[in-house]
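Please find one structure pasted underneath; my questions will follow.
We call the chains A, B, C and D, going by the order they appear; numbering starts again at 1 in every chain.
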Amino acid sequence: MNREENVNREEAMDREEAMDWEETAQEREFRQEVRAFVRDRFPACYRPDPEAEHSLEPEDVWGYDWPADRRSADPERRAAARAWAAALAERGWIAPHLPVAYGGAGLSPMREFILREEMMRAEVPTVNGIGAMLLGPTLVEYGNDEQRAAHLPGIARGETVWAQGFSEPDAGSDLASLRTTAVREPAEASDAADAEVYRVNGQKVWTSSAQHADWLFVLVRTDPRAPKHKGISFLLIDATSPGITIRPLRDMRGADPFAEIHFDDVRVPVANRVGEENRGWYVAMAALGFERAGIGATIKFERVLERLITSLRSAQGQDFRRADTAVLRHEIAQRHIELRVQYAMARLTASRQTAGAVPGYEASVSQLLGAELHQRLARTGAKAFGPYAQLWQRDGAPMDAAFAHMRFDAVAATLLGGTTEIQRSVIATRGLGLPRS
Amino acid sequence: MNLTSTEDQRHIQAAAAELLAARRMTAGARAVREEPEGHSPELWKEMTALGWPALVLPEEHGGLGAGFTDLCLLCEELGRHQIPSPLLATVACAALPLARHGSAQLCAQWLGAVAEGRTLTYVRAAPHGHWGTAGSTLTATPSGRGGFRLDGTALFVPYAGTADAMLVMAQVGDRTELTALLVEAGTPGLHRHRLDVVGNTPEYRVAFTDAPVPASRVVGTVGGGGAVAATAAALGTAATCAEMVGGAQGVLDMTVAYATTREQFGRPIGSFQAVQQHCADMAVDVLGARVSTYEAAWRLTRDLPAELAVSGAKAWVSERYERVCALAHQVHGAIGFTAEHDLPFFTRHATAAALSFGDADHHTGRVAEALGL
Amino acid sequence: MNREENVNREEAMDREEAMDWEETAQEREFRQEVRAFVRDRFPACYRPDPEAEHSLEPEDVWGYDWPADRRSADPERRAAARAWAAALAERGWIAPHLPVAYGGAGLSPMREFILREEMMRAEVPTVNGIGAMLLGPTLVEYGNDEQRAAHLPGIARGETVWAQGFSEPDAGSDLASLRTTAVREPAEASDAADAEVYRVNGQKVWTSSAQHADWLFVLVRTDPRAPKHKGISFLLIDATSPGITIRPLRDMRGADPFAEIHFDDVRVPVANRVGEENRGWYVAMAALGFERAGIGATIKFERVLERLITSLRSAQGQDFRRADTAVLRHEIAQRHIELRVQYAMARLTASRQTAGAVPGYEASVSQLLGAELHQRLARTGAKAFGPYAQLWQRDGAPMDAAFAHMRFDAVAATLLGGTTEIQRSVIATRGLGLPRS
Amino acid sequence: MNLTSTEDQRHIQAAAAELLAARRMTAGARAVREEPEGHSPELWKEMTALGWPALVLPEEHGGLGAGFTDLCLLCEELGRHQIPSPLLATVACAALPLARHGSAQLCAQWLGAVAEGRTLTYVRAAPHGHWGTAGSTLTATPSGRGGFRLDGTALFVPYAGTADAMLVMAQVGDRTELTALLVEAGTPGLHRHRLDVVGNTPEYRVAFTDAPVPASRVVGTVGGGGAVAATAAALGTAATCAEMVGGAQGVLDMTVAYATTREQFGRPIGSFQAVQQHCADMAVDVLGARVSTYEAAWRLTRDLPAELAVSGAKAWVSERYERVCALAHQVHGAIGFTAEHDLPFFTRHATAAALSFGDADHHTGRVAEALGL
């Protein structure tokens, strides 16, 4: 039985990785290098915005929204964001896994894990996460030489910011039912240039940071008569193209983390298609498979749990702390245990990828655990402060109301990027080999 | 109006539902969010005209003499439509405790006023925000002729900005026993500052600086405020549960409606087993919330021992209403996370109301104590 | 919209019942009457079997298995079981809801609720639960006069014990796919008598107490060509008919609470069919709708929780009690709260039925809550005693190992009589009106 | 045999899996349930011949010198196939603590014997069954020449019926500090009574009545048994986690296989969303159990601080293995509740192993303490 063999091979790999959790001397050295770099090069004036809601991207740290910061109305913040990007780009650390030729650093998954871990611990912002982590690997695998040459260096230098246009109002969990159309026009019919173009019409929604993006990667329907997964193409679209309207959407916290995008007769060169026509679904699935949630969220959670414990022991924390703490301390310990498991899973994933193992389902498991852990952690943290957890204002609130806000951030954790119900079905069918429904 | 029969109760609730549904656009949480009062004074006038604040007050003071359960029915409808209203704070947390513990003079002065539309609120500032009957961060210093000077700061006082008077729990000097005082809005040294909070109810920080309170404003006896606080907490908790039951029912209805119409993969999402399991769990939560709340309300109405019932209800309702909202978000997906959707108002309500009068852990702990564990 | 109206009407009813939780003077008097009856008439020598596993029927109390006891090898126990049945039958309290003409007591649902509650509190066994609670109401509603006259008095007197043959090895959750066949034979082909018969072949499984039953009510397929729900009939079958083999099944606790039944050319008179031919599915669904789980389980759980609290305070309990009790006391309080809710739901159901309201989904909700509560309660109780909870032997174990055994009893709670997954779907579709999948 | 490379480890585990799969019918939990030894002595001989008990013992005492993790790999396979075996009690709870804390003479005497197939067990009788390092209900009374007379009763001593010696934690007189003693099976005044327990491991009540223990049998120092108990508990806990990881994986595999083949409503039940959600939850639980267990085992192998890792693993694994079994029962339905099915053996194992060395709450409490809460 094929699945069975597969599972056994994967487990054998698990066990190999489980045997030695120690970092090599080279890995420890690299970790020191990252720490020194951040200490030396992170712009001192690039401070977290105290009033910010948390970005919904798992790789982002609180207080920063780099795609927005690099265009901030505040010239100092704008300059700081760009300086940080330039510093990272020097080392190839914006897109560290990309080949050096394209501006990356050619790091192994384990090194990239260490780099991201140290950046999260230092609480400095990730630069160009969507372009670097989602589109970059996709172009490496599915793009052609021209596309790689045209787009990867801009991503790796932090000069071009990308957003992902997949979801539509009527295509959420059922992403493949998307209806944005791209109709191919013969060269002569196109008034713009001599190249063949697609004429794109339709609407995307829930596109993270679209309002700050230079370019979009978008799924469109190129064959309306084909079965739904087989008529989709993957296009790269300049966000400044005529006919594009991007409207930020306000979320329940009052932030604008995502936007809707309207395409009204937008002309896109056929050369901007990644992969074959009508095979875009498979390109997109690969893009979504490039793991992002792993280490970033874990370290963020770990740090906020540490802050909670420290706060509860502090004088201010004592004032705010609920009177009855028996259940609270048990819950905090549970969160600690869960985080330890999540961290170990993330290391396992990185080390397996480094060893070149066939990806198993551990990245999906890690993401599912992380999303639900986010919600539990927010509840536990809020619980610590009894009635004071209802303070939304930062001023005068315990831990600057971090947990009051996190409770609402966490609502999105089990929805965006695929609901946890869908994630579970993916684990069951692709991971465990259960039959599709 | 004979309020003893259940037919009349159904009539009251149906009328309330009709009015509130009609006023949702102008008086709902979204509409009044930025208003300085934090609720719709116009709707409050309508409610007053319909006898809502008078409903459960004693007849000798201008009330209609209905049982406490009837107030809970109104609170349930307010919760279901997410209409912020000073009704609960005024009646459950202040007027009814006053009616039970206050002097004839105070009752005469204030209960009739409430029946005519004046509002009250309740100030309970205990260390760690604990909803017990002892200890307060407000200090009343005796100042001759039985009067006091009041000092200290209390958080989370609902509708303090518009309340005409406040039932304040203070401790006299170092004594931890409470003393209940009725402090009028115009009292010198009283400062009110609106807080930015998670919930839809306008909450205030109330500070007293050497604020004079005459002896006649003591509710009950000096040092006997624990009983007043117990009444306010029990009635406030039960009425809050009713408000949450309404909210949870509203969320369930909204979610079932969405799951019935929203299609993915060519069929309504409500036909997917995962969505059905979520909705069934919500139904369990809501039904349990309703029965436990109305059992507690009935015990309070009949003046039966109610501590286990009230704490049990608050523990269940707090946890389950939050779960109902979390499941509703799962079913709604991204649209439910947007500011334009109504679900977030319920989620805010659930989060805040779960904390009011003590959260689930607090009340579970009270049950454990009552069981002798 | 019809569903909407229905929900509103149901809610109005909820509220009416929620208004007054007090028993009437007559109800209190009836409660006293039941107490006095049990005190006076329950045979002193009819003691719980200290080694027994709990019956899986929700209406049964621990230590008794009345269908087995009435045929016990121990003549004293046999006599006691029969004496108790006779005493109950005098009042019509074996099948209290049945009309007096058939040997019942014609009690309202509220009175029946009180009767069962007091019997559970007194920990005396229910007599003839399956016949009285499932088949009795079914015959009243769907049987004909001959069937009622033939079978109801035997049920009400505790003389005829019934078992329910619905599930089959390949028809569990998908009950309607059952394959036991009943082929009608013309009178002349039957060698037994002059009446027309069905010839029944097939197998049933998980039939509670089948090995102790006199009669079976069984679903059979009478039209193999019809859609699966429309070719099923409901038959009453004498368990001693030639061709029936009943084999008890051992469960994971070592008890034999159910059996499998083989039908090998069993002849069943056509007159034993309840309802129309090929309409048996709807008769069966009605039978399953007659609420059984409501009050019995609640009172049992309440009593065992009380015993736990008492035990933890006792000297023996102190020895066995785990050292760290912070989480334990919180859990016990949670179980208490949940039981209180379940009790209130059961009262609501009874009082609504008494008022003649259209049944809503509260009975299903009550059953689901009860099944899962059973498992939580077992875990909480076992947790109280740390390592001592692994004692399976009663001797020398805390609370006679009640919770160690209950943990295994409770495994069945969310499976038998429909899995909780199926129950949830029923609540969602029939209760809330969501579309069927 | 070079046991340091992971390739060898894979080889060991694959060989173990093959052997145990082949012996399941004769040596599995079902087969040995009624046997007086509670395990298969034949299989134990085979294991000994293959070097299993010697695997992680020091080479100077006839061991193969492999790391503790390798023992956990064997325990995992034992759990996966539900093969009761004295391996864990012998090696993790007695031989390794002896190797670390015992005198050269005791090690010379017993470690080689273990490598050749003698078995040991561990007797830890603390008040309330608490797995701490202080307090015992067994009393060792000094009786001249440094020896003791041992009195008292301990519960839940695994494989005591066949063990050749027992590592016993006792307190000397009223002192709560522990003293570790190695008591041989033939000691007068030693009584062993098999208990009827939930799990598949044979557990005994062991009673000592004025049982003589010579001075040479003290492991470590008098009053210094806390360190021995800590070693036994840490290694025993981690090895038990490994056994549970194997059990949980076995349940997951069994459940996926059943869900793939069992049909209802005309399709495999594994295609239903509710079943898929359950199986995905099981996958989360099992993967988390494996990574946390092997991290803890690695820390113990390297002698790094491991308290948080071990307690975290035991808390996670205990809760999650029980959940895995509960979900497996949901997927299997009634057939999984029958005595003829293998699932109940896993459920019994999960229930009992979750309690061994302290349950999830106990270990969560230890984590809370370690965090300074």
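Operating definition for what follows: a contact is a pair of C-beta atoms (placed from the backbone, for glycine too) under 8 Å apart; a residue touches a chain by one contact, two chains touch by 3 or more.
In this text, all values refer to a predicted model and were calculated from it rather than measured experimentally.
Among the remaining chains, those touching chain B and also chain C are A, D.
Contact count check for A-B and A-C (C-beta pairs in contact): higher for A-B.
Chain C and chain D have Cα centroids separated by 41 Å. Between the CA-based centres of chain A and chain C the separation comes to 52 Å, rounded to the whole angstrom. Multi-chain contact residues of chain A (touching two or more other chains) are listed as 326-327, 330, 421, 424.
Among all residues of chain B, those that touch two or more other chains are 272-275, 277, 361, 364-365. On chain D, the positions that touch chain A within their shared complex are 6, 9-10, 13-14, 69, 73, 249, 252-253, 256, 259-260, 267-268, 270-273, 275-277, 279-281, 283-284, 287-288, 290-292, 294-295, 297-299, 302, 308-309, 312, 315-316, 361, 364-365, 367-368, 371-373. Chain contact summary for the complex, chain C toward chain B: residues 7, 11-12, 14-16, 18-22, 309, 312-313, 325, 329-330, 332-334, 336-338, 340-341, 344-345, 348, 361-362, 365, 368-369, 421, 423-425, 427-429, 431-437.
Across the complex, chain C is touched by residues 127-130, 155-156, 195-199, 203, 263-266, 269, 272, 274-275, 326, 329-330, 333-334, 336-341, 344, 347, 351-352, 355-356, 358-359, 361-362, 364-365 of chain D. By the touch criterion stated above, chain A contacts chain C in their complex at residues 326-327, 330.
If you check the complex, the residues on chain B that touch chain D are 272-274, 277.
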